[in-house]
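To start, the structure itself, in C-alpha cells.
Chain nomenclature is as follows: A, B, C and D, assigned in order of appearance, with residue numbering initiated at 1 for each chain independently.
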C-alpha cells in the first residue's frame, strides 16, 4: 500500500487536494439545482474519505518530524507562506474529520429541508477550515483557517438551529472571536519581536519555535493571549458557557462537527503552539497548577452539572466539557503517556460524542424534542437505537474494552506522577459520568412507556444504521486494539515532551515519595 | 499731537458697551439696535485703520442690510421678551465659564512674540527673521495712497482672490433661493 | 500703531459674542451674537491688513458676504420653525435628538 | 490445551453476539437461542475441563497466553492482553463455567415464557465472557476489563424487565456502587504503576516486596484502595446496599451473578494480589474486621426479611463477609474453599427459590390472582406440592448452616479456625472470630425460618391457588440435583487433618499463595483438644440455630402480610435494613443532586458565568451606548457649549506653555 502511494506521489498533492476539493465544490453546489446539493456534498465527502484514508498508510510513524511539508511563499513581504505539514497529532485529527464528514452529510439527509444549497455549501467550507487548521504550519495560514471556521458555524447554528438559535450563535461567535483576536495580536507581536531579534520576519512555525526563547520578557503575556484563545475553544471551565447553548441550538450536522473537530482545535492549539512556544512559563509550577486545576474542576463540575440537565443535547454538551478537561490534564501531566492519553481522548471523544449527537439528532428528527421527560421506555419501540445508545453511553463513560477507557486511563496514569491529588479528584468523575449517562439512558430508554406520542417512532432505518455503524465499530476497535493509533501518535508525543522536558519544574507534590515512588 | 489713539479708545469703549448691552437686553429689538450701534463703532475704527472702503461697506451692508433683515424678522415674529431670558443652571454657568476661559486664552495669544509666530510659520528648522515672513510698514496706507481707497481693495480682490470672489456670488445665489424656499408656506 | 489694542478689542468682542451665544435662549438673539463674533473677526482682519497688506480687507468682504448669506438662510429657518413651533425659545426646539 | 484458553471466552462472546442479533431481528426463535446460549457455555466448560486436566498434571507454574498488545504506549507502560492460567484461575474457571452452565440450563425453563428470551441469553453469555476475562486476566488492567464488563452485564440483567422503574433503578444503583469501587481499583493501579512500574500479577509478586516497604504508607494505601474496589464489587459494608435491590433481576441472574460468580470477584482479586495485602498488615486487619462485621450485620437483617430472595441476598452478603474474614486472616485457601462451596449451595438455594417463585407465578396465572410471588408469608406447606425442590433446598440449608458432613461445615469451620488462630496474637481477629460465630448461629436460624415458612405449615396463598401448585419441569430441577450433589460432596476438596483429608485445596493453591509467605507466617491449624472444641462448638451452633429457627416459626401460624402488625422497635429497624439506604440517599445522593442543580448549574453556570460574565459585558456595552445617547438631547445650547469647550481645549493645546 505505501509503495503504491509513494508511486503516485501521494505526499505532494494529498494535502492540497483535501483542502481544495471542498472549496471547488462550493460554487458547483450553488449553481446546480437544489435537490442535487446534498448529493454533491456527499460525493465530495466520500472522495475526501477515500483519498484521506491513504494518509493512514502513507504517514510514516517512525519519523517524528513534520511530513508532507510544502512551503510556498504567499505574501512574501511579511514572511507569510502557504506552509503545510502533518505529524502524528495532526494526521489523526485529519483522519477523524475525513471519516466523520460523510456521516455528517448523510445524517442531515432528511432533517435539513430548508435552504439546502446554503447548508451544504457552508458544511464544505467548514470542512476546509477544519482540515486547514490541523495541517497549517504557518501561523498566518493557521489563523486564516481558524477564522474561516467561525462564519460557517455561525450560519449553521444561526439559520438551521432550533428555538433561540440566534442567541446561541452570536454568543458562540463573540466568545471565540474575542479569544482569537487576542491570539492574532500575540502572533503578530511574536513575529515582530522575533523578526527584530533575528532579522527575518516570518510566520513559519519552525522559525518561531526555534526563536521563541528570545521572547523572555513578553513570553508570559503572549502565552496568556494564546491560552485564552484556545481555552475558549477547548472549552476550559470558566469559558465554557457557550458550548451548551451552541450544541443545543445547532442542527445535528453542526453539533457533530462542533463536538468532533472544533473542540479539538483548542487542545491542538495548546499542544502545537501555546506550550511549545513558551514552555518555561506554561509549565512553571503556578501556571501548571492553575491549568491542571481548572481542567479537573472542569471535569468534575461539568459531570455534576450534566447530571441535572433536562435537555439531552445539553447533557452531552456538558459531557464534552468534562471529557476535554481530561485532554488538558493530559497535556499538563507532561509525560509521554499522559500526552498520548490526551491525543487518544481527543480521538475517542470524537467518536463517542459524535455518535451520541447522531442518535439525539435521530430522536429529534422523529419527535422534534430533546427534553428527556418527553421520552420513556423507547427500548420497547426502538431496540436497535437503544442498543446503539447504550454502547455509545458506555464508551463515553469509559468502560474498558471500549474507546473511552484507553484515553482516560492513559491521561490519569500519566498525570498521576505530577498531580496525584488532582488525578484523584479527576478519577471521581468515573462515578459521576456513569451517573448522568445511565440516569439519562434510563429515563429515555429503560422505564415505563408512558407517552403515547413515542408509539410512532420507528427504529433506525438503513441510512441511520450506516451512519452509526462505522462509529460503533471504531469504538470497539480503538477500545480493544489502539496499538496502531498509539504508534502513529507516539512520534508527536515524544517530540512534544522533548521540547518541554528541560523546562519542567520539579513539583514537590504532597507526600512526594508517597505518590511518585521510584520514578 | 497724535489724535488717532484717543479716538480709537472712544470708539473701542463705545463698541464694547453697546456689545454688552446687546447681549444683556431682554427685548430682542433693543438688543438688535445695540448691535447696530456696535457696528457703527467698528466702522469708525475701520476708518482709523486706513480701511475706509471696508468701513463704508460695513455701514451699508452689515448695519444697513443684515440688521434690517433681523429687525424685520423680529417684528414679523413679534416675539415677546421671555420672562427669564438668562439660563441659570447648568448650561448658563457653564457658558459663562467657558466664555471667560476662551477670552483669557485669546488674551494669552497676545503673548505670541513675532519671532515665535515666524518660526511656527516658516518651514526651515532654524529660527527665521520675522521681517522676511511678515513685511513691515503701513502697507494699506501705501496702497490707498497709490490706487485710492476702493482701488487698493479692488486690485487684490480681482487678481489674487478672483475665484473666491466668483464663488461668493454662487453662495449668495443659493442663499437667496434657500431663504425663499424655507420661508414660503407653499410654493 | 493700533494693531495691539485693536486685536485686544477684537478678542473682547469675540468673547462677548460667545457669551451671548451660550447664554441667550432666544434663537434670533443667538444669531445676532454670532454676527457680533463675525464683526470681531472682521476687526482683527482689518487691523492686520493695515500692517501686512490688503489681503485682510478682501477677507473681510468675503466674511460679510458669508454673513449675509448665513443670516438670510438662518432667519428663513427660524421663520419656518416658528411657524411650526410657535416659539423661538431654544429649550423647546429639541426635536432633532438621538 | 492451555494455549487455547481464549476459546473459553470466545464461545460465550460469540453466543452473546449471535443471541444479540437474534434478539433484534427474530426474538421469537427461542429454540435456537437456548441452543446457542447453553451450547456456548457447555463448549466453554468442556475446554475448561481440558485445561484443568492439563494443569492438574502440571507443576503449578502459570502459563501466559498473549492475545495481542493492548496499549503499547512507551517502553515503561506497554499493557498486553495476556491471559494467565494457573491453579487459582483454573479453580475459578471451573466454578464459573460449571455453575454457569447449570444456571443457563435452568434459565431455559425459567425464562421460557418471557418475550425478552433472546436478549436475556445474550446478556448472560456476555456476562460469563467478561467474568472469564476478569478471572483469566494476567494483569490488573486486563482483569479491569472483566471487572467493569461484569458490572455492565449486572446493570443490564438487573434492569432486565426495564418496564418497571424499580428494576432499572436497581440496575443503575448496582452499577454506580461498582463504579465507586472501581475508583479504588483505578487509583490502586496508578499508585502501583508509579511505584512498582508494572501491573502484571507475577511482576507485582516479584518486584512489589523490594519497592514497597513492609507495612509502609504506600502499600497500605494501595491495599485499602484495592479493598475499596472489592467492597464495591462484593457488596461489603460500605457499598453493600445494591445487592438486596439487585434481586429485582430474574432469579437465575441472582443465582449466577449475585451468588456464585460476580460477587466473588472481590475475594478473587484479594487472593490474586495477595502479596500486596500481605505487605500491609493493617489492611489485612481492615479486610478481616470488615468481613466479620458484614457477616454479622447482614445476618441480623436477614432474620426479619419476608421476601425469599431478600433473605438469600443478605445471606450472600453475610457469607461473602466470611470469605473476606478468611482472606483477611491470610487463610487464602480457606477463602477460596468457602467461595467454591458457597457457589454450590447458594446457587442451589437461589435456583430453588426460583422454581418456587416460578410455581407461584404459574398458580397465580392459572387462578388469575395477583400477589407478590416472592413473599414467604403467602407460601407455606409447599413440601407436598414440590418434593424435589424441598429436599434439595433442605440439603443446601443444612450445608449453609454448617452441618457436617456437608460442604458448608468444612469451609466455614476452616475460616473460623483460621480466625481463632490468628486471634491468638491479635485481639481484632478474636473479635472477628466472635462475630463469625454469632453470624453462623443467625445463618442457621434464618435459613431454618425460610424453610419453615416456605415448605412447612399450611399454604397461606389462598385456596384457589393451591391446586395449581406443582413441581418445576425437569430442565429446572435437573441442575438443582447436580448442585445438591456438589453441596454434599464439596467438602472433600479441602478436608482437614482430623477428618482424614490433607487440605488438598490448600496445597493445590500453594504455588499461587506462597508468594505471600515471607511476610505472613503460615497458619498452623489447631490440633488436638482445641481443634475438637472448635469443631464441636461449630456443630452445636449449627444445630441450635436450626432448631431455634424451626421452632420459633412453626409454634405460631405464620401471619399473611395483611394480618401482620407493623413491626416495632428492633424488629422495625431490622426489617427496614437499618435504614442505610435512606441514610445514603439523605447524606450522599440527595445533597449531590441538589448541589449540582442549585449551586453548580443554576448558581455558577447560569448566574455567575452566564448572567454576570457574558451578560455583564453586554450590559456594560449597552450602558456606554446609553450614556452617549444622553448627549444627543436636542438642546442646541448644549451642543454649542460642547463646541466651545472643544475650541478651548484646542486652543490650550495650540498655545501650550508660555512663549
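The definition used in the following text is that a contact is a pair of C-beta atoms (placed from the backbone, for glycine too) under 8 Å apart; a residue touches a chain by one contact, two chains touch by 3 or more.
Please read these numbers as outputs of a predicted model, since none were measured by experiment.
Counting C-beta pairs in contact across B-C and across C-D gives the higher total for B-C. With centres computed from Cα atoms alone, the innermost chain of the structure is A. Distance between chain centres (mean CA atoms), chain A to chain B: 74 Å. Our note on geometry: chain B versus chain C, Cα centroid distance of 8 Å, whole angstroms. Put simply, the C-alpha centre of chain C and that of chain D have 99 angstrom between them.
Inter-chain spacing, taken between the CA centroids of chain A and chain D, is 37 Å.
Chain A has no residue in contact with two or more other chains. Those residues of chain B in touch with two or more other chains are numbered 87, 91, 94-95, 98-99, 102, 106, 109.
Shared interface positions of chain C, i.e. residues touching 2 or more other chains, are given as 18, 21-22, 25.
Contact between chains, using the touch rule, shows up for A-D, B-C, B-D, C-D. Across the complex, chain B meets chain D through its residues 87, 91, 94-95, 98-99, 101-102, 105-106, 108-109, 111-113, 116.
Chain contact summary for the complex, chain D toward chain C: residues 629, 631-637, 640-641, 644. For chain B in complex with chain C, the touching residues are 4-5, 8-9, 12, 15-16, 19-20, 22-23, 28, 31-32, 35, 38-39, 42, 45-46, 48-51, 53-54, 57-58, 61-62, 65-67, 69-70, 73-74, 76-77, 79, 82, 85-87, 91-92, 94-96, 98-100, 102-103, 106-107, 109-110, 134-141, 143, 152-153, 155-157, 160-161, 164-165, 168, 171-172, 174-176, 178-183, 185. Residue ranges of chain C in contact with chain B, taken from their complex: 2, 4-9, 11-26, 28-29, 31-33, 35-36, 39, 42-43, 46-47, 49-55, 57-58, 60-62, 64-73, 75-80, 82-83, 88-89. Chain A contributes residues 171, 175, 238, 240-242, 301, 304-305, 307-309, 336-337, 340, 377, 379-380, 383-384, 387, 390, 394, 399-401, 405-406, 409-410, 412-414, 416-417, 420, 423-424, 427-428, 430-431, 434-435, 438-439, 442, 445-449, 480-483, 486-487, 490, 511, 513-519 to its touches with chain D in the complex.
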